[in-house]
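The data blocks that follow each hold one structure.
Paired with chain B in one complex and with chain C in the other, chain A is shared by the two complexes that follow.
So, the complex of A and B:
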C-alpha cells in the first residue's frame, strides 16, 4: 500500500471511530488531543491503526508517537 | 420502625414495546414478541425461536467514550433507566446532590467474551480486543455502565440470581430503603438477546421447537407446552423511601409490601415445590396482608414441563383452588431471564394501573396441575390493588414480590 493511501485509510478509520471530522487529522496535529484519547481509548487507536496497516506497534513505542505525522513515519518504517 | 418503600418511576425496553404505553397496549391485545430467527438455525441451534427487539442506537445520545463499554443489555438498561428516572421526575441535578443507589439483575455477558476470545485466537494480539471488551464482558457490566453514565453515588452492584435476578434486585433494594440505608435505589434487570448468550441453553433442549408457529411456542401452563422461548431487554423501577418521595412531590405509583426469598437446596435445573412455596409464603407474611387481598398472581411459569407443574402446585398449595387469576406474561414475551423479575413487575403494574389482566396466551388446555388454577387465556377487565410476582432461577433461587397500588 502506498503511503498516501495508507494515510487516508487510517485517517478515515480514526475519524469514524472517534467521531471527528477527518479534516481535523493533519500531520502536525497531536494525536491524543485531536482524538481526545485517555489511557483506555489510546488502546482503541492502536488497535485500529494495527488493523488498517497490519503493523504491530510496540507498547514502548506508543508513547513516543505524538503526532499523526510521526505515526505515518513509524508505519512506513515498520511495514 | 421500617421505612415504607414506593415505586415512583418505571421504564422498559422489551419485545412488547419501548414505552410503557406501547407495552400496555401489547399486553392488553395479547401480542406475541416471538419470532423465528434463521441465523440461529445456521449456527446449529435446536430451536431458532427468540423474542425480537432491536439494539438501540445511542450515537448522539451518549458519547463514544460512554458507549464503547456497553454491551447490548447495558444499552437496553440505559434506555429503560433514563425513562424510569424521567418518569420519577429525577434529573441529573438530583442525582448529583443525593446518594442514589443501583441494584440491577444481570447474569451473563456472553457476546463480548466470545468476540474477544475469537480475536485473541485469530490475531494473537490482545490489544486488538479493544478497550471496551473487558468492561463489556464482566457480569457487572450493566451496573458499572449505568453508575458512571448517571453519576450515581449510592450502593452499586449487580445481582446475579439466574432468572430471579431482576426480582431479587428489587427486593434487596426495598430492604435497603426499609432499613434506612438508602432513600432511593434504581432497580431492574437486563438480558442480552444475542445467540451466543443462549446457545448452550439451547443445547440442553430447554427451548420450544414449535418453530412453525413462533407466536404459539411460549405456552405456560398449557398441556402441550414443550419448552421456553428466550427473550430479553431491560426493565427499571425507581424505588424510593415513601417519606422522601412525598416530600419531593414524586409520582407515587405503588408500594413494595413484601419480598420473599428461598433456595431449594436441591437440583440445579429442576425446581421443586417446597422452595417456591416458602418464597411465596414469606412474601405474603412480610407484606402483612391477608391472602385474599391479592388480586393477581404473575407467575414465573416459563413453559417448561416441570417448572410450570411445580409452580402450579406451589400456587395451589398457597392460594387454594381457583381463588385468584394467575397468568404468565412469558406467554407473550418469552422468558426474559435476568430481566424477567423486573419486567414482570412492570407488566403487572401496567395491568393494575389500567384495570385488566393480560391473558395467558396459548393456554388452551390445562394439565393435571394447572387445572386447579384460574388462568384466563384472554385479557379480562379486572380492577385489583395488590399483586404477587414470582421469579425462580437455576440453582433453586426463588424470589417473590408483593406490590400494592397507591
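So, the complex of A and C:
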C-alpha cells in the first residue's frame, strides 16, 4: 500500500471511531489532543492503526509517537 | 478428532488468579503471542447457571478469564505466577443465545492492540454455533 493511501485509510478510520472531522488530522497535530485520548482509549487508537496498516506497534514505542506525522513515519519504517 | 488441551482442569489454576467457585475457564487449547483458544464445559453447579442456562454474566466472565489464561500462559512460560487483571471495558458484546448445561464452550481470542498496560481483545465464543462475540479491554497489573 502506498504511503498516501495508508494515511488516508488510517485518518478515515480514526475519524470515524473517535467521531472527529478527518480534516482535523494533520501531520503536525498532536494525536492525544486531537483524538482526546485517555488511558482507556489509547489502546483503541493502537488497535485501529494496527488493523488498517498491518503493522504491530510496540508498547514501548506508543508513548514516543506524539504526532500523526510521526505515526505515519513509524508505520513506513516498520511495514 | 478431539483436540488435546495444553492446560485443563486444575492445571488452569497455574494460569489464572481465580479459584472455585468462580473459575470460568477449564481448558487452554492453543496459544500464540497474538491470541489463544480456551474452553469451558458448563456444569450444573456453575454459579452463573440459572434455569439450566449459562447467563450473560457468565459469558462475560468466561471471556475475561480466557484473557487471563492467555496472559497467564505468557507469564507461565517465563516462570512467573499469573498476574491480576481487570476488565476495563466491554465493547460490542453480542450474545446470540445462552448455552445450556452440558454444552462445551470454545472461545477464540485475538489481541487487537496493546498500550500502557491495556490490551484490547476480540472474542468469539462457540458452542457448535457462535453464541457470543465482542471486544474487551483488559488491564494487567504489573
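Following the convention adopted for this analysis, the second predicted complex is superposed on the first by the 79 of 79 C-alpha atoms of A that agree within 3 Å, B and C clash if a C-alpha of one lies under 4 Å from a C-alpha of the other, contacts with A are read in each partner's own complex, and residues count from 1 in each chain.
FYI, contacts are C-beta pairs under 8 Å (C-beta built on N, C-alpha and C of every residue); 3 or more make two chains touch, one makes a residue touch a chain.
Model, not experiment: these values are computed from the prediction.
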Exercise for review: Check whether A:4 is in contact with chain B, with chain C, with both or with neither, and answer first, second, both or neither.
Suggested key: neither
Practice item. Examine A:47 and indicate which partner it touches, taking first as chain B and second as chain C; both and neither are also allowed. Key: both
Check your understanding: Taking the superposition as given, does A:19 touch the first partner, chain B, the second, chain C, both, or neither?
Key -> first
Point to revise | chain B versus chain C as contact partner of A:77, first or second or both or neither | key: neither
Exercise for review: Could you say whether A:63 touches chain B, chain C, both of them, or neither, answering first, second, both or neither?
Suggested key: second
Review point. Given the touch rule stated above, what does A:38 touch, chain B (first), chain C (second), both, or neither?
Key: first
Review point. Of all the chain A residues, which ones make contact with chain B and with chain C?
Key: 40, 43-44, 46-47, 50-51
Exercise for review: Show which residues of chain B lie in contact with chain A when the two form their complex.
Suggested key: 59, 64-65, 68, 125, 127-132
Check your understanding: For the complex, which residues does chain A have touching chain C?
Key -> 39-40, 42-51, 57, 59, 62-63
Review point. Considering the complex alone, what residue numbers of chain A touch chain B?
Key: 17-19, 36, 38, 40-41, 43-44, 46-47, 50-51, 56
Point to revise | Complex interface listing, chain C residues touching chain A | key: 88-89, 112-116, 118-120, 137
